[in-house]
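Below: a set of structures, written as C-alpha cells.
Next come two complexes, and both contain chain A; in the first it sits with chain B, in the second with chain C.
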Partner chain A sequence: MLAQLLVKRLISVIFVLIGLSIITFTLSHIVPADPARLIAGPRASADTVKLIRHQYGLDQPVYVQYVKYMKGIFTLDFGTSLSTLRPVRTDLGRYFPATAELSLTALLFSLVVGIPLGIVSALKPNTIIDYFGRVISVSGLAIPVFWLALMCQFLFFAKLGWLPDGQRLPINTAPPRSITHLYTIDALITGNLPLFWTALEHLVMPAFVLGFGVLPVITRMVRAGMLETLGLDYIRTARSKGLSERATVMRHALRNALLPTVTVIGMQIGVLLSGDILVEIIFSWPGIGRYAITGVTQFDYNAIMAVTLIIGFIYVFMNLLVDISYLILDPRISYS
Partner chain B sequence: MTTPSTTESIDPIAAREKLFNGRLALPDSRGERFKRGLHQFFGGKWLNVLGVFLIALFLFDSLLGPTLAPHNPLKPAIYDQLQGPSLSHPFGTDSLGRDVLSRVMSGARISLGVAAIVLTIAVTLGVLIGGISGFFGGFIDDILMRFTDLFLAFPFLVLAIAISASLGPSLRNTVIALSAVYWPWYARLVRGQVLTVRTREYIESARSCGCSNWRLLFRHVMPNAISPVIVQVTLDIGYAILATASLSFIGLGAQPPSPEWGAMINDARAYFQSAWWYITFPGLALAFTVLGFNLVGDGLRDFLDPRTRGN
Partner chain C sequence: MPDNDMRAVRLIADAMSHRLTRRDIITRGLALGLSFSTIGWVLAACGKGSSSSTATSQSGSSTSAASGSTAGSGSSSSSSTTTAASASGSPAAFSGAVSNAPTGGTPVNGGTFTIVFPGATADLDPQSAYDNQASCVFFGVYEMLIMLKGNSTFEYQPMLAKEWGPSSDGTEWTFTLFDNIKFHDGTVCDAAAVVKSFQRMLKMGLGPHDVIGRFVENPDTDITAPDAKTVKFKLKTANPIFEAAVASEYGPFIVSPDAVDKHKTDQDPWAHQWFVQNMVGTGPYIADQVNPQEQIVLKQFKDYYRGWDGNHFDQIIFRVVEDTATRQQLIVGGSVDALTNALTPKAVDELKQNKALQVIAYPSTNVNWSTLNAGDRLKDPDVRKGFCYAFPYDDVRNGVYKGLVTETNGPLTPTTRGYDKNVFIYKTDLDKAKQLISKQFKPGEKFSWMLASGDDGTKSVATLMQANLQQIGFDLDIREVERSAETNLAYGDSPPAQRPDIFGDWGWWPDYNDGYNEIYPNFYSKSAGSAGSNVGYYNNPRLDQILETVAPGVSDADYNKLLAEAQNIMTELDPPAIFWGTIQWYTIMNAKVRGFEWNPIYLNSYYFYNMYKVK
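Take a look at the complex of A and B:
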C-alpha cells in the first residue's frame, strides 16, 4: 500500500522535474542578450561570434537544444560559468555545502524554538509567553529578512562586537578536513573544538535571521493544532483516567497537534530557500544563492539557471519527504 | 428621524427586536448590515484597528507623499551628505544628501503601484484559469492544473529572481516576474473554491432555468467563491511589496535614483555602520506596511469565514 503510493508520488515528481527543466530552459532562451556574444566578449568579430554560436549549438533548432540541455542535466553538466570560468558543476559542488549548512541550521532553529513556543502558547493562552509568541509571529512575517540581517549585523557586529559579520570562517583559518562538508559537523568529528566554536560563531547570526522568517508559521501552526487537539474528547478521557498533564500533552496531544505543522514545513522550505539567497548576500556566505546573484550582474545565465533548477529540485524533493512523513505519521490518510 | 405621528415605537430596530425577543429574524437593511459588520470587524479587536490604521497611513502616503514631502526626493545636495536626524531632516539624509523622509514618503507610491498591477494581473489570470479549470473539470482541468503546478514547483521568490534576471533589471520586469509567480496561487485557490460552490443547489437551480455555462460561472459561482480571494489579495499586497523590495535590494528591481524602499536599503548597506538612520527608516516603512496588510488580512479571514462570523 505504502509502496504503491510512493511509486505514484515519484512518477508525479518526475513530471514536475521535467517541467522545471522546461521553465529554466525557456528562461535562458528569452534572455535579451545574445549568449554567443556574451561568451565571445564585446570586442569579438562577427565571424568569431558565429563560430561560437555554432560551437555551443546555439544555431540548432530549439528542440535539439532542449534535448542537449536535458542530457546535460542528467549528467549534471550545466555548462561553463561565465563569471568564474569553471564548470558550473564544480562551482555548485564547492558552494552547495555552505547553503546546506545554513538552511538546515535555520530550519533546526525554527523548529527547536517554534514547537515549544507553540505548545506553551496553547497551554497557557493569554499569558506573557503567548503574547511573546504572537509578537514574534506577527513581526517575523512583516520584517524583511534582508533588513533584519543588516540590523543584526549593525547590532551584534558593529556595536557590540559579539559575532563576526559574515563568511563561514575567518579568512586565515583553514577549514576542517572535509567529511560531510558541513564545517561545524566536520570540526566535531575531527575533534577540533576551537574550530567548531569558530564555525558556530559564524553560523549563528545568518541562521537566526533565516530561521526567524519561518518561526512564525511554525509557532502559529503548533499553537492552533495544539488548541484544537486539547479540546478533543480523547484528551478529556486521558485526563479523567488520571494521566499526568505532562503525559497527556506530550504523548497524546502533541503527535496529533503536529500533523498540520508537518504540512506547512514543506511550504516553509520554499520560504527558507528564498530567504537563503538574500541572507547569503548580506553575510558573504559562500553558498549557491550568493553564487547565482553574483552571476546576475555578469549575465552568467548558466549559473543562475543551474541554481534555480537545483533549488527547484530540493524544494520538490523536500516536499516529497514531507508527504511521506505525513503518511507515516497519520495512518488515517491515504493519497488516492 | 421623522417625528412620531402615532403612539407606536419610533425606533424600527428596537421595535423589531421586541417583536422577535431580541433576535433579529428579519433581513437587515444594507445600512444596518454595514454598521454591524463594522462593529464586528473593529469591536474589541485592536489588531484590526492597528492594521487599518497602518494601511490608511500607507495609502495616504502613496497618494500625497510626493506632494507633501518637505524636500525633493531625487535632487542631490552635496553638502548635506549622511547627516543624522535633525529638525529639517527628521530621518536624516542619504549618501547624496537627499532627505530620507522625503524619499521614504515618495517610495510608498512605487510600492503600491507595483503591488496593484501585479495583483490585478495575477487575480485576473488566476480567476480565469482557476474558474474555468474548476467549473468545466475533466480534460481542461487536467491540462490547466498541470501547467499551474509547473510554476508552483519553485519557491516563488527564487522563480521571480530567475525570471527578472533573464529579462534584465528594471521595475517593469519585476512586475512581469511577480505576476508570473503569483497567478498560479490564485488559480489553485479559485479552482478549489469553485469546486465546492458548483455542487450547491442554487447552481443546480440556475442551470435548470436555462442559464448558460459562462453566465453560471461568472454570475453565480464566482461571487460565492471570491471571499478567500479577497483575504489572499489583502495579504499578498504586503508580500508583493516585500518581494519587490527584495528584488530591488538584489539590484534586479527598481534602479537608482528611484526611492523604492528595497533599493534604498541596498544603497544604505554601504553606510550602515556610520549612518544608522539611512537603513533604519526605509526598513521600518516596509515592515509596518507589510504588518498592516497582514493584520487586516488575518482580520478579514476571521470576519469573512462563515464558521466564525456568527460569534
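Take a look at the complex of A and C:
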C-alpha cells in the first residue's frame, strides 16, 4: 500500500511541476520586461542590449525558450541566472543549503520550545504557564518578523555586542569542508568545534526570529490536540488502571495529539524552506529567499523558474512525507 | 558693442576688482571663447598666476569648493578644498566638500578596510560592467592608463602611463608606460598587452565600449604598440576629450590578455563569462575571495610595481548588506569602515554628530531631474516651463535632502566640462507656473508622475510637487512602481502616449568629463526609446545639431560656446526636464581612515592604495 501511494504521488508530482512551470513561465513572460536592459544597465547602448538579449536567448520566441528550458531541467541545467550571471544550478547549490540550515534550526527551536509548552499548557489549563504560552503564541503571530529581526539585531548586535549582525560566518573565516553544506553539521563532522560554535553563533538570531513565527502554531496545535485527547475515554481508562501520568501523557496521549501537529509541521517546513525573504535580507543570510526576490525584481526568468519549481517540489514532497508519517503514527489510517 | 565683447569687458573688470577666483576667470573666459593666452594674461594681470594648462589639460583648474566644516572638530580634513565665490544671478557656488573629519593620528600600516554595498555587483568584467559600484571594486584590482588627479575633473595623473600627450594635430595620442608592471597572474603588462586589452574592449562591444569607441575607428589598426613601452591611439578626428575618456572609470581598465586567452572558448572568444566571476588586473590588490552576492575580498598584490613603502591596507573587503537599517548599524558600530550614498539623508544628517565617523559630502557631476514627457501632452515648451516654475526647489533641497542636493542650472554641474555659469536658473514661482500651464490646460487637469518604489526621498519630492500643483488648481497622480518596471518602461519602445507625464526621479553623470556625454544619452532625439535614455522623447532640432557638431571634436572655444547654447535651450527656451539639483555625494567613513580623495566623476570610488588608518 505504501509503495502504491508513493508511485501515485510521484506521478502526480510530475504533473504538478509541469503545470507549475507553465504557469510561472507564462506569468513571468507576460509582464513587459527587458532583463537584457537590466543586465546591461541604463548607460549601455541599444546594440549592447541586443547583444546581451541574443547571448541569453531572450530574443527567441517564448515557446522556444520554454521548450529549451524544460529540456535543460532533465539534466538539472536551469540555465544562467540573469541577475548573478552564474549557472542557476550553482546559485541553488550555494543558497539552498543556507536556507535549509536556517530553516531546520528555526524549526528545531520551535519544536523544542513549542511542543513542551503546548503539553504543559494542556496539562495545566488556565494557569500562569498556560497564560504564558498564550502570550508567546499571540506575540509570535502578531509581531511582524521584520520588526523582530531589526529589534534583535539592534539589541544583541548593536547595543550589547553579544551576537554578530548576520551572515553565515565572519568574513575571513573559511567554511568547513562541504559534506552536507550545512556549516554547523559539517563543522561537527570534521571535528572543528570552534567553527561549529562560530557558525552556531551566527545562526542564533535569525533562527530565533524565524522560529518565533512558527512557534505559536506548533504550541497551539499541540495544546489543542492534547486537550482533546486527554478528554477521551481511553486516557481515563489508562489513568484509572494506575498508569503513571507521565506514561499516560507521553506514551498514549501525545502520539495521537501530534497527528494534526505533524501536518502543520510538514507545511511549516515547506514555508521555511522557501526562504523567509525579510529575515534573509536583514541578516544578510545568503539564502533562497533573497535569491528569489532579486530574481523577481531583476526579471531573472531562469532563477524565478528554478526557485518556483524547487519550492513546488518541496511542498509536494513534504505533503507526501506527512501522509506517510500518518501511516506510521496511526495504524488506523489507510489510503486504499 | 556685441554681447560677447561686453561680457569679455565685464569679465576683465570683475577680475581686476578681485571679485572672481582663478577658476571663475578661466571658466568664464573659456565660455566666451577667449584663447588660453588671453586668459593667462587676465590671470596674470589680476595676480592670480598663469594658467596651469599643459599640453594635456584643458582648463587646468581643479574643482573648487566651498570650504568649511560642519560642527565637529572645526579643522578641515585633507579632502576639503577652498572656495569659490558666486557671481550674482548665477547659482550659489556649489558647496564643496564638507567634512567633519578629524586629522592627525599615528598612521598604521596594514589592516582591513571594509566597505558596505547596498546590493550585489553581478558583473566583474571591467570592460562590460557599467555601474559605479563595480567601478569601486575595479579601482582596487585594475588600472587605467591615466586617472583624474585628486579632486579635479580637469587634471590627470599617471596610472599605468607615466607620460602622455597628443600629436601636434591632435589626431594621435601617445602613452608611455611605467617599467616592471605585472598582471596578477604574473604576466608582464607591456604596450602589447595594453593594446590587446583595448582591442578586447572594443571588439567585445559590451557595456562601456563606446567610451573609447567614440574616438577610435578600427581597434586593429588604430591602437598600436610601436615598442614595449609605448601605446599609440589614432583618433577618428582630433578631439582633446579623448584624454578624459581614457581616464574614465567605465571601460578602459587593462585586463590580462593571457587570462583572456587561457579562458576563452569558441562561444566566448573574449572570456567574458570567466571575467564576470574573476578579476586579473595590474592593480594594487588581487582578488582573494569573490562571491559578488555576499562579499568580495581583495588582498595586497605583493608584486605591485609601485611597491608597498608607506602605509597601506592589507585587505579590502566589499560586503553586501541590502537592508538600510543594518548598514547604518554596521557603520555606527564600527563593523564596516565606509559606505557611499547608501543611507537616508536624515541618517546622514544625524551621523555628522558622531565623533567616531567622518561624513564627507562632496560635489559631483550628478544632476537630478524629473523628465517631462515632451512627446505627448507636454509638447508645448511653455507648459514645460510652467512645470519648472511649479517645482518646490528649496523644500526638496533643504527639507527632503538636507542640503545633499544643491541648486543647479541645467543638466551640467560646475565640475563638468562645458558648464556655463550664466545659464538661466528656475526658481519656484507658482503664479508663473499657473500662467504657463493654463495656456494649454484647464484647472482641474490631472498629470501623472511615475517614480520607483522604495525610495522615500523621491516620494517626498513627488508629494511636494503635488502640493504645489494643487495650489494652482492642477492635480498630480503619483504612481509608484518597482524600479525594474520603471526602467523597463523608460527604456522600452512604448510611445510617449503610454508614458507618464513626468518620470519623477531621473539623473545622470557623465562617463568622463564631457558635457556632451551628459546631454547626448538623455536629450538627443535619437536616444529615445530603447536607443538611449531620452525617456521623455525630447526633440529639439537645434540641440541635435549642436550635439552632432560637438561629437567628433571641436576647438575648446567652439565646444564651450555650443554647449552654453545647448544649456540655454534646455533651460530657458525648451526645457526637457525639471533640473532640480546637483547631488552632493557623501561618504561616511570610520574617523580613523585617512587618505581618501573624493572626485566628482569617480563617484562611489576610493583609491585604496593611498588609504590607511591611524591609531
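Everything that follows uses one rule, which is that the second predicted complex is superposed on the first by the 294 of 336 C-alpha atoms of A that agree within 3 Å, B and C clash if a C-alpha of one lies under 4 Å from a C-alpha of the other, contacts with A are read in each partner's own complex, and residues count from 1 in each chain.
The rule is short, and it goes like this: contacts are C-beta pairs under 8 Å (C-beta built on N, C-alpha and C of every residue); 3 or more make two chains touch, one makes a residue touch a chain.
Keep in mind that what you see is a predicted model, and the values were worked out from it rather than measured.
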Which of chain B and chain C A:I22 touches, first, second, both or neither: first
Partner chain in contact with A:L107 - chain B first, chain C second, else both or neither: neither
Chain B versus chain C as contact partner of A:V120, first or second or both or neither: neither
Touching partner for A:A207 - first (chain B), second (chain C), both, neither: neither
Touched partner set for A:I281, first chain B, second chain C, both or neither: both
Chain B versus chain C as contact partner of A:L188, first or second or both or neither: neither
Partner chain(s) touched by A:I171 [first = chain B, second = chain C, both, neither]: second
First, second, both or neither for A:Y301, with chain B first and chain C second: first
Partner chain in contact with A:A158 - chain B first, chain C second, else both or neither: both
Footprint overlap on chain A, comparing chain B with chain C: 31-32, 150, 153-154, 158, 281-282, 297
Chain C residues within the chain A interface of the complex: 114, 120, 122-123, 129-131, 205-210, 250, 273, 276-277, 292-295, 297, 315, 317, 319-323, 325-326, 329-330, 332-333, 335, 482-485, 487-489, 491-492, 511, 521, 530-533
In the complex with chain A, residue positions of chain B that touch it: 146, 149-151, 153-159, 161-163, 165-169, 238, 242, 245-246, 249-252, 262, 265, 268-269, 272-273, 276, 279-280, 283, 286-288, 290-291, 294-295
Touching residues (chain side chain A, partner chain B) in the complex: 15-16, 19-20, 22-24, 27-28, 30-32, 138-139, 141-147, 150-151, 153-154, 158, 269-271, 273-275, 277-278, 281-282, 292-293, 296-297, 301, 304-305, 308, 311-312, 315-316
Complex contact set, residues of chain A against chain C: 31-34, 37-49, 51-52, 83-86, 150, 153-154, 157-158, 161, 165-167, 171-172, 281-284, 286, 290-291, 294, 297-299
